Amino acid sequence: MYYFLNDYSEGAHPQVLKALTETNFKQTPGYGLDEFSKAAANLIKQRVACPTAQVHFLTGGTQTNLTALSSWLKPYQAVIAPETGHINVHETGAIEATGHKILTVATADGKLTPELIQPVLDQHKDEHMVQPKIVFISNSTELGTVYRLDELTALYGFCRRNNLYLYLDGARLGAALTSRNNDLQPEDLPRVTDAFYLGGTKNGALFGEALVIVNPLLTEDFRYSIKQRGGLLAKGRLLGVQYLALMQDDLYLRIALHANTMACKLQDGLKELGIKFLIDSPSNQIFPIFPDEHLKELSKFAQFEIWAKEDMNHTVVRLVTSWATKEEDVLGFLQKVKASLK
Amino acid sequence: MYYFLNDYSEGAHPQVLKALTETNFKQTPGYGLDEFSKAAANLIKQRVACPTAQVHFLTGGTQTNLTALSSWLKPYQAVIAPETGHINVHETGAIEATGHKILTVATADGKLTPELIQPVLDQHKDEHMVQPKIVFISNSTELGTVYRLDELTALYGFCRRNNLYLYLDGARLGAALTSRNNDLQPEDLPRVTDAFYLGGTKNGALFGEALVIVNPLLTEDFRYSIKQRGGLLAKGRLLGVQYLALMQDDLYLRIALHANTMACKLQDGLKELGIKFLIDSPSNQIFPIFPDEHLKELSKFAQFEIWAKEDMNHTVVRLVTSWATKEEDVLGFLQKVKASLK
Amino acid sequence: MYYFLNDYSEGAHPQVLKALTETNFKQTPGYGLDEFSKAAANLIKQRVACPTAQVHFLTGGTQTNLTALSSWLKPYQAVIAPETGHINVHETGAIEATGHKILTVATADGKLTPELIQPVLDQHKDEHMVQPKIVFISNSTELGTVYRLDELTALYGFCRRNNLYLYLDGARLGAALTSRNNDLQPEDLPRVTDAFYLGGTKNGALFGEALVIVNPLLTEDFRYSIKQRGGLLAKGRLLGVQYLALMQDDLYLRIALHANTMACKLQDGLKELGIKFLIDSPSNQIFPIFPDEHLKELSKFAQFEIWAKEDMNHTVVRLVTSWATKEEDVLGFLQKVKASLK
Amino acid sequence: MYYFLNDYSEGAHPQVLKALTETNFKQTPGYGLDEFSKAAANLIKQRVACPTAQVHFLTGGTQTNLTALSSWLKPYQAVIAPETGHINVHETGAIEATGHKILTVATADGKLTPELIQPVLDQHKDEHMVQPKIVFISNSTELGTVYRLDELTALYGFCRRNNLYLYLDGARLGAALTSRNNDLQPEDLPRVTDAFYLGGTKNGALFGEALVIVNPLLTEDFRYSIKQRGGLLAKGRLLGVQYLALMQDDLYLRIALHANTMACKLQDGLKELGIKFLIDSPSNQIFPIFPDEHLKELSKFAQFEIWAKEDMNHTVVRLVTSWATKEEDVLGFLQKVKASLK
């Protein structure tokens, strides 16, 4: 069975597991106040060239999003997100559960632009409506697309001029930064966002997201928010240890690049077989469209997610690769698809 | 430096880490729908002799408490807890953040009784006040005390008669069940509570709490609540794998017993040195009272938590042992204390 | 200055004010437990032919919506509403502030149908997404349109089959029930909704909405919810007294009919002047489209709300009539418009 | 039947009702943006000698408290209140429903002091606990007691030094300011609080509370909060009109004084009959203690609230007077009590 269901199907990258094992008996204070966590935070701040940032480690993406957004919004303030944004569709109303409305914008490719956001601002002008305050984007997006530096620069400038914060969900930031379409450097991130996170769960960690708060207005008492939302891990050192390993020699980017490379091979191979795609994704999630009658056959030898109906007879599926995807599996899968198409 | 700060100062018990390592490359579905998690849930249900229970794995205690209580309470309903209860003092208002009041009861030893709860019920009779609905207890308590079977039986009967649910925070359930004062069997728990959890974070896991929902009225759509509160771990298998290891040959109880044994030695040793205690704790948290002038000396060779001022010249400290506490460290510490008292 | 800004520009209908004055010195218990409130609730139950319903009086529409929906939804459940629904655009995120997501549906005329709702149900199938549970509609809608009996019957049947509740915001229910397009009788309402309210604020009361809960599953402890959300008026009798007056000899419907008649005259008169409309509204809100250069002139002699830009050179405005609108003002306004068009 | 149940048993003071009647047909914008509301706000600002304050009108006490506190607190911040505080016991968890913990302090007389608050601050020092931010007091208190100027000055100074806001619930502020024990002038209030409200519901209005926000840090976007919590009355002018009447010639204080005078007569009369009191209240709520066997007799000719059991054979009741209490009823009641005691 070939496994393209997601990028969290295995445990951790061996380097990460090794680090956890080696440090297992070291005694440390709890709640992320240990030396590992401090060192990992410093490495991250160095890597993004922002010594004044605050780095907090949390265990998962939904938890990070809800903790961050609820910490920064006043009760009557709202977050603007693409309709496809993770917070809008796949977090069971987690943001609303903290009291905040999500104002959604339809997009072609999962990406926001100033032009798409402006009408939302125009419509929200007085106290009978929520007050937009944060713009939420994902990079890579839920459709695998990535933002280019000029796009982020424009978006951030727009946010500044309109008194909005720009928050970047980086659950798959590794995939974005190593995408063939990318021209964004890690060092650019603090210059074009108010806060972002480097996702670990989907890029080699057992679990963990490293939230980097750039804007000092957003840092106050942030640990209170983490604790209150249930995210302050007793053995916080586990997050520090994992990120130390991931930041070592850019392991984080190297394994993300591998995932992208595997996805690219998959996409190219399927295209050669005449398969069409929902969107031309340059990262580790790809969206081929299969005839429905082919789908059942496919399911016999591969695992993947059904994404959407394309039309009466076709279905979009999502294939995801990861640091753990083996080239032999990509090739084997393509072989099987080819055979099954005949 | 002797380390009695808490029971989560190290990583995981070696058996747990070994299980994580061995299963690391196994590909599984996410979010706890994997075979490891199912098997672990089954083992737990067997161990507590309650095949109809639902078992959910979460990553931490505060997260478990807030997810469970907010899932079960209607907006105007409240939870009754001892003043010392973890949800009341050490969760940064996590329960209130989900919208619910905690009605507190002063206790001598951190334990609730029907007699202590009755006045709360008497005072909350109409719609101008919250409606008490859940009784929250910890076992062992935040003061190290444990409930006996007859106490829990009485409490649960009282709850049933008064249309209340009884929820047991088992962050240190292992320590309770292996305490020298305990007469409660794991199999008793489903008969005397509506839900409880077997804490892993403080008893050998990297992280993790296994919530056992006994009352079928409390199980509906519980996974929605976990997801919404940010607690549905992508790699849910990590929890399953760890609990499989902990349930194997009662490792969970055996290592908890070790922690208790170490605490008992500590307590006995300190008593021999003439040290008085806040309370006679039969589990892995003990509360010696030191003269203030002695405290500074102590701090030079040991780490522990300052609990409270006892009087003008004395301070209560908390010493905690764990599965990882070594007997040689207990003895070494006692030796040092003895020397420093002279 | 002609005043078509809204239907709450004056105080109360004289009959209502008279009733308040006559009962002013009567001493009653507080919080709606008085005889006036009970009698008014009974009259309403009689009028809608539903003796088993529960009637609760609240002071405003947003308050009623947020109290009702938050009382009935579990934390992870959501409400489906038209994009134009009052709860979605004009309540400052009041529903989200109680923790619930609103799932919006684009509509042509502000009305929901089973066909429009079905895709939302199809997309929300597991615990990664909120669970749709209540369908919110307004009658008349925010665009002045009204539901016909067969439409509501179909919608309610659909809701039942899909385990959804149907809630009808009746801020302008009087206008709906007396619209020229209406074939719905007050007695039909309990057969085609789970709950609805008869709005008083926009139909002759100083303030007040009468929430009628038909479905017994939704009635439990409802007064707790009212109190908790700040809606339990100390002098609850004020609501009872007002609704007693409004239910007397169908005053409620008679004055709503007057508002509709005035709006109809306005709409017909403007049509005769060649003015086009956004939508053909059969109730007391109408939406003429004026050339922008005409708008400034209009503003000199009339007050109204700017609704939306129609195109580069035209603007939709909203004109609202009420129980207090005088025919002479309608005619006078039309005269002035006519003159200004030349 | 003599009616001492509460101070909201009648409608409005005749002057208030007259004002509502006289202005009934005046057309105004909604939501408190009318001239009446502006004029009333100005009168209030003049009366308390604080031209820079913001005044907002809300319909009830619980609504005012929950809107204000939830607007000013960050999610992890808490409010300190006396155990007897209205927000703690009689608002069905309204504050917690907005996400905030109430930290309670036991008091002898319902009043807070710096000494009583200090220990709460000492106990809440890190992110594992909520962060105290607002101190809630009532004047007069729920026990009828009042704060003197030096007490408030000390409390406010303490709050400032500890970075806390001081909020005064003035549901019965009229009774406080006209109490025989009072030395506080209306003009003092802005100097010793960050915000307070002049309660109308319990002092002559049909309904209404005038919130005066003194501290500019607390005023931002406050109307968003009112709207979101369901408190922005469509016909906001009703509140303006009523407060205009109440502020005219200090009607507000004059009728509060009447209530106090009546309570004083009641208390003196009962004392003469040998009745003991729970507390020596100098305002319009008094707390006589009756033998239980006498209570049943009393209930035959008077309405009042049972407050608490004093001992096995005695019960504390609460008698409340208001602007509407007639001296003849006070005398008649005393007569009846005297007769029934024989």
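A, B, C and D are the chain letters, set down in written order, and residue numbers restart from 1 in every chain.
The rule is simple: a contact is a pair of C-beta atoms (placed from the backbone, for glycine too) under 8 Å apart; a residue touches a chain by one contact, two chains touch by 3 or more.
Predicted model, so just to flag it, every value in this text is computed and none were measured.
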Find the chain most remote from chain B, comparing centres computed as mean CA coordinates. C
Between B-C and A-B, which chain pair is linked by more C-beta pairs in contact? A-B
Measuring centre to centre with CA averages, how many angstrom lie between chain B and chain C? 51
Between chain B and chain A, distance of the C-alpha-averaged centres to the nearest whole Å: 33
Where in chain B do residues touch two or more of the other chains? 75-76, 91-93, 97-99, 127-128, 130, 224, 227-228, 232
Contact set on chain D toward chain B in their complex: 75-76, 78, 89-93, 96-102, 127-130
Which stretch or stretches of chain C touch chain B in the complex? 31, 70-71, 74-76, 98-99, 127-128, 130-131, 221, 223-228, 232
If we count contacts the way the header does, which residues on chain D are in touch with chain C in the complex? 3, 5-6, 8-12, 14, 17, 20-21, 23-30, 59-64, 66-67, 91-94, 97, 201-202, 206-207, 224, 227-235, 237-238, 324
